[in-house]
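For reference, chains read A, B, C and D in written order, and residue numbers begin at 1 within each chain.
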Amino acid sequence: MSLRIIATGGTFDKQYDPLTGQLVFGDSVIPSALARARITVPCQFEPLMAIDSLDMLDSHRQQILAACERSNERHIVVVHGTDTLRETAMVLGQAKLPKTIVLTGAMVPYRIDESDALFNLGFACAAATLCEPGVHVAMNAQVFPWHAVHKNRSAGVFEAQ
Amino acid sequence: MSLRIIATGGTFDKQYDPLTGQLVFGDSVIPSALARARITVPCQFEPLMAIDSLDMLDSHRQQILAACERSNERHIVVVHGTDTLRETAMVLGQAKLPKTIVLTGAMVPYRIDESDALFNLGFACAAATLCEPGVHVAMNAQVFPWHAVHKNRSAGVFEAQ
Amino acid sequence: MSLRIIATGGTFDKQYDPLTGQLVFGDSVIPSALARARITVPCQFEPLMAIDSLDMLDSHRQQILAACERSNERHIVVVHGTDTLRETAMVLGQAKLPKTIVLTGAMVPYRIDESDALFNLGFACAAATLCEPGVHVAMNAQVFPWHAVHKNRSAGVFEAQ
Amino acid sequence: MSLRIIATGGTFDKQYDPLTGQLVFGDSVIPSALARARITVPCQFEPLMAIDSLDMLDSHRQQILAACERSNERHIVVVHGTDTLRETAMVLGQAKLPKTIVLTGAMVPYRIDESDALFNLGFACAAATLCEPGVHVAMNAQVFPWHAVHKNRSAGVFEAQ
């Protein structure tokens, strides 16, 4: 068993820029999250892109699909913005790759107090290890199939659909 | 699907006492960790005991087994000290309950910088959701069967045995 | 000796809103910062307003001045956004109140990793305790007089002028 | 104006050792605290020793006194364990050096949630900048003279004596 973790940006990876007062992308926080988690499973980290999921175009989703296709690891976690996480899950799901792909994200950036990011990353790593091949969304301590999940934006949680 | 999370103490739940300068047990940190994780899956939290796993006696392990037996939830996470986590896993494993029981812990307390606790809790919740009935140990982003795992104390990691 | 701490908003007090992904104002973080600091000096906390200092109008500065005037405490810390901290310092300085008023802020919000907020609050409390009556700006571990300080925006630090 | 910050150990600098489960000393946290504080005042950091203040002998206090004597900076912060902070303050105070020396510490280590360390460091840096030459203890947002302070151990605070 080995894992690939693909970073695409999203709230999980947003960091504060003291000069502009904005939340922006820098080097991904995921390597330091994995070090902290003391993981011993073989794991490749791939910083593919760093964008807000609201800014994601079809071309970005095709890039993510291509990264999953070329991955030597058959257990993949994609860290993604939550707003269009479902759309990317659909693109990956329809491709029917013979791999277990788990998309996750965060409602609060890793670097901000009371973030859910580290919990979600742990949950997603286990789901990517244990689920059948296919595409799954892991949020709120639940695993949803790619074709039956949506984000309830007013509640800030993912729900079965 | 619903989860039960049983706290038994261990490093995960150690907190600093400013008056004595010692790491001690107080109210479990797990409810605040679960709130932070924004879980929506039905989940019962049971603070069963709060002890160092080095201080755990057979009677404590029998209490943990009894808690798993009487649990209405069939997916159970036991948060436990790492030093004798394997011994408790053996007691639970030999009982062959028709439930999925996942033991986890932490190498660094939840309340201390760079703790692995939240990652491990997320990983264990997914493992408890997804694994077959039986007893499993979830540490270092790996799932080990109860009868084939040990803690490498000099490296501070769990390994297959 | 007793202190008054007046909150006006600014980066120090910005908090992340998971639903909008924005940094916004909620209840001030200052009471929890003071509890954490274990202060024993008598201290009144006054949440006067919660705005970005770039949005501050003359009327806001007059409100801050009025709060300093009516303060029974003669040692006052004003927590303020850094962008127009100097402008408010000038309004307060020209009023020549017989009180020690120290303005401080933060380059990174209190609730975000590696924030300078708690250091600055500690520094400002000491400056408000120890400085002569007058208006001072405390940032970057320095005390500047109100009429001779500016923010170097490209470096993100306050400098003597 | 320039500062010297002398580390001697104490709760402020205690760090968790995952292998032993103990709070121990490693590289001082003070350089990272100062970086985070974005200080621009010239500042020398001197890691003199790293011991629990309960283990401090007369010879250690003489070393601290010698470090203060040879310091080119006339504004000095000594970060010290709280249990015998007063004893060291007395040794330094009786030496009547023509320098401003401020001793501070923490009730909760810097690396543990809700630590007072960063506040105290900020407070002490301001006190070392602003106080008259002499030896002072800065804790709980108060400045105490060296000869009239004691730690109330049951309350965990410093008090005038």
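Here, a residue touches a chain if its C-beta (ideal position, glycine included) is under 8 Å from a C-beta of that chain, and two chains touch if they have at least 3 such contacts.
What you see is a predicted model; the values in this text were computed from it and never measured.
With chains reduced to the mean position of their C-alpha atoms, the one farthest from subunit A is D.
The interface holding more C-beta pairs in contact, when A-C is weighed against C-D, is C-D. Inter-chain spacing, taken between the CA centroids of subunit B and subunit C, is 44 Å.
Note: centroid distance subunit A to subunit C, computed from Cα atoms, is 38 Å. Centroid to centroid, with C-alpha atoms defining each point, subunit C and subunit D lie 25 Å apart. Across the assembly, subunit A contributes 107, 114, 156 as residues in contact with two or more other chains. Across the complex, subunit D is touched by residues 1, 3, 33, 36-41, 43, 107, 114-116, 118-127, 129-131, 138, 140-143, 156-159 of subunit C.
Subunit C meets subunit A in the complex at residues 11, 14, 16, 18-19, 21, 23, 107-109, 111-114, 153-154, 156.
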